[in-house]
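Notes follow once the structure below has been shown.
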Amino acid sequence: MKKIYMDHVATNPLHPEVLDAMMPYFKEEYGNPLSLYEAGMNARNAIENARESTASLIHAKSREIIFTASGAESNNFALKGIAYALQNKGKHLIVSKMEHHSVLNTARFLEKQGFAVTYLPLDKYGLVNPADVEKAITDETILISIIHASPEIGTIQPINEIGQIARGKGILMHTDSVSSVGNIPVDVDSLNVDLMSFAAHQFYGPKGAGALYIKEGTRVVPLIYGGIQENGRRAGTENVPAIVGMGKAAELATRDLQKRIDHVKPFRDSIIEHALNIENLFLTGHSEQRLPGHASFIVDFIEGEAMLMLLAGKGIACASGSACSSRALKASPVLISIGIPAHQAQGSVVFTIGEDTSQEDIDYFNETFQAVIKRLREISPFTKGWEGTEDSACTVKK
Amino acid sequence: MYSEKVMDHFTNPRNVGEMADADGVGTEGNPVCGDMMKIFIKVKDDKITEAKFQTFGCGAAIAVSSIVTEMAQGLTLDEALKITKASLAEALDGLPPQKMHCSNLGADALRKAIEDYKSKQGK
Amino acid sequence: MKKIYMDHVATNPLHPEVLDAMMPYFKEEYGNPLSLYEAGMNARNAIENARESTASLIHAKSREIIFTASGAESNNFALKGIAYALQNKGKHLIVSKMEHHSVLNTARFLEKQGFAVTYLPLDKYGLVNPADVEKAITDETILISIIHASPEIGTIQPINEIGQIARGKGILMHTDSVSSVGNIPVDVDSLNVDLMSFAAHQFYGPKGAGALYIKEGTRVVPLIYGGIQENGRRAGTENVPAIVGMGKAAELATRDLQKRIDHVKPFRDSIIEHALNIENLFLTGHSEQRLPGHASFIVDFIEGEAMLMLLAGKGIACASGSACSSRALKASPVLISIGIPAHQAQGSVVFTIGEDTSQEDIDYFNETFQAVIKRLREISPFTKGWEGTEDSACTVKK
Amino acid sequence: MYSEKVMDHFTNPRNVGEMADADGVGTEGNPVCGDMMKIFIKVKDDKITEAKFQTFGCGAAIAVSSIVTEMAQGLTLDEALKITKASLAEALDGLPPQKMHCSNLGADALRKAIEDYKSKQGK
């Protein structure tokens, strides 16, 4: 059976060159990077080279990069690290309703510890209005954290504008760039941010490697205390192979970024164009300001998990924001925040493509997607409208 | 995640479709919650002679709909009323825990269809 | 040149079988373990199998294992996770002066957040006195955290006795078993602990994989918030290859534990026996209650880093607790806590061996160690005593 | 971490040992802090004709001791007093930052040895 991986926004295959770069650090170079003997020193040099490449990808200085184990860790580190560092200055944070759980749930934890958090609304395309950011700022505000690009609806936020507002007010700005770094050009300076989270598995690097960019001179309290690894800011014996892999992946992403964008964008456009020919189907997120390999839809009258399963049966791996496809059994809060009613949010489906995607895959996909929708609509009690749908809140039945 | 039986009933659902001349129709669930099931039955001599369904929902919901219509056919109304969430899950070789309760509306929809038939009969 | 790795307590080479087990998850099985499609489901199954093997190694249930990225993360998670979960019950923690930085520095962070911490003293062998634990307990005590075995002096603490005291008082008990799990038999039940940290790289598993054992029914607040990975207790896209590697390493450790102990113990004894023939040299830590592959000494009149460097020149990789060999330029607090004067602590040297160590290695080592000491003593101004040494505290000169 | 020059002076230190008939002796550092350096000099016509050392300390401390004795030989006392931490580090092709100040006691020990010589001469 054909296998087409269309869940690149969740995670990515490892680039073969990345794995090659990692291998020696699984084999000969196992020494502790802190140690004084040879194997340890080789490991330390490898880490510093990786830091250099990783910094280059986002146009940062290498000492501004702290390696972590995941995007989620970087987000937790950024929010708690700034909150605890600046709690004497103020106890107010601003985030958006588009944030990933790793930002949202950290914000909720901080609320329990006495911080106040403003959750900014989204427009129907998922955009945060910079004017709303400005209005939300108080004397107590110590951090603004806005996601760069949504993995669910693909929309890219105007981070540079928001960062400018933050900078104007002397407030630190963090962006969760996990789904953008490696997929679109990212420059920490032109984005006007002080902290940025990203993860290697989003650009053909290994799982288990993430980074937090911390602008020089910014004080953060560690999330993981311990030894003096990462300049005392993130403890734990370094995961040398993963860090080396992140460095290599960053190097490849820097080199190939435009090529990758040019490769996926026409495919994404073809998916969207073909899909929009289907009745009662619409695009979610912004049509222009969106990730180049990201196509996301609401398909009326059928449910996302069922689409996923039928597509999986045809070899196509993808994602959905429907309640049934999430283990929490709740429709994606982002879909609700951009004004999609809960019953329509059930029909969410997300396709994300990558450098391994071919024209043949796209042709096969366009055909199959249409067939799957047709099939599920034959089973559905709805055909022309949502007759009989109660507009009540749905509590999960247990 | 799903048993082979679930996958079979999901990918090849039995008894799909509307029944214009149904003797009883039962609807359970709400698309807001991700699942809605509509069951149609034909009844003769207190026995279900035919059952069909239309379902909006996930893989489990569709498989449950398929199996409940299959199981109901040929049962007396009293026998059919004994079908439960548990017996449907068992007939499907099990359902994942989180699907056990949220997408397993078949027994309830069938009960409603039987009640609908009975109320139409004035019983 | 001969290469003898004698820093096993810092980190270990990857077992070739472990790497083999990991490889498929770098290549074909890259899917997101949370997803519904096949590659994702294979990854999920692999994680659950690894959880089972990892649990077995410490005689726990598999749902009591949370995967993390390092021993340091597990320690941070345990302390902060319990502190925040039980802060309404009390705000006092008990640790020992033997703790790893990842426990100590987390304890210091918690002190800044309003918690009180008692640091228990050590006797001259490094042992914590269970009676001291009992005395330190107050109505406010919510957690006792004592390291299982010292990576610096090899001493193994009487965790089971301390755990019994904790249990008797209804107080949670955590142990940092990073340097013991995989090296000695460890059973969470007979140790009477509620939480236990450990790391795969300590038993021939990969870097980047750690675990926290959390006894069923124990509530902890996450350290890394986000998605529902690890049952909502530790977020981040799972590092599938590392987790699989940890599972395989745990399986091998369970199988080979006794064999490994029988292999290293006679070598350790040979090192100690030969070393003790040298004048003005003594063993640090307990002679019986110590890690089977661990030999640590104070060599009078010479300095640890110089020993390390000369030994490295002879192909021998080892560690020291001297000020100059640490980047913090402070002699090991553990050495000071067991009553070793600062000038003697400078002569600390630590050798830890493993399953790759051979009799030939040990013979070469014993000879070389003696020669290195002789050579450095020829350079030293001290020969018979510490004449002229001021017993003043030393502040790092900057 | 260390330059080749440091490694060379550390593994083959020049001018090691006590000098029973030294004209000046200088001691700097404290083993409590990890480094102690003792420098012995012989002086003739205001020139250092011979220098030796004994050092307790790390690799950098030993290398610094070795090079300072090498450099001092043949210098006038005034020239020798111009030796600094920086010039020693430079002669060793650099020292790691954390070693730059804490193990680089050579210039101070030499200065003390020269002072010792001068005070003995009653100068």
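General observations
Lettered A, B, C and D in written order, each chain numbered from 1.
The rule is simple: a contact is a pair of C-beta atoms (placed from the backbone, for glycine too) under 8 Å apart; a residue touches a chain by one contact, two chains touch by 3 or more.
Predicted model only: the values in this text are computed from it and were never measured.
Centroid to centroid, with C-alpha atoms defining each point, chain C and chain D lie 40 Å apart. Each chain gets a centre from the mean of its Cα atoms; for chain B and chain C, those two points are 57 Å apart. Between the Cα centres of chain B and chain D there is a gap of 92 Å. Across the assembly, chain A contributes residues 36, 305, 309, 325, 327 that each touch 2 or more other chains. The residues of chain D never reach two or more other chains; the list is empty. Arrangement of the chains shown, judged by which pairs touch: a linear chain-to-chain path with two open ends. Pairwise, the chains that make contact are A-B, A-C, C-D. The touching residues of chain A, counted against chain B in their complex, run 301-306, 309-310, 313, 322-325, 327, 329, 331, 341-343, 346, 378-382, 386, 388-394, 396-398.
The touching residues of chain D, when paired with chain C in their complex, are 2, 7, 10-11, 13, 16-18, 27, 30-36, 38, 53-62, 98-99, 101-103. Every residue of chain C that touches chain A in the complex is listed here, in rising order: 5, 7, 10-14, 19, 26-27, 30-32, 34-40, 69-73, 75-76, 84, 100-102, 105-106, 108-109, 113, 199, 201, 206-208, 210, 221-228, 235-242, 305, 308-309, 312, 317-319, 325, 327-328.
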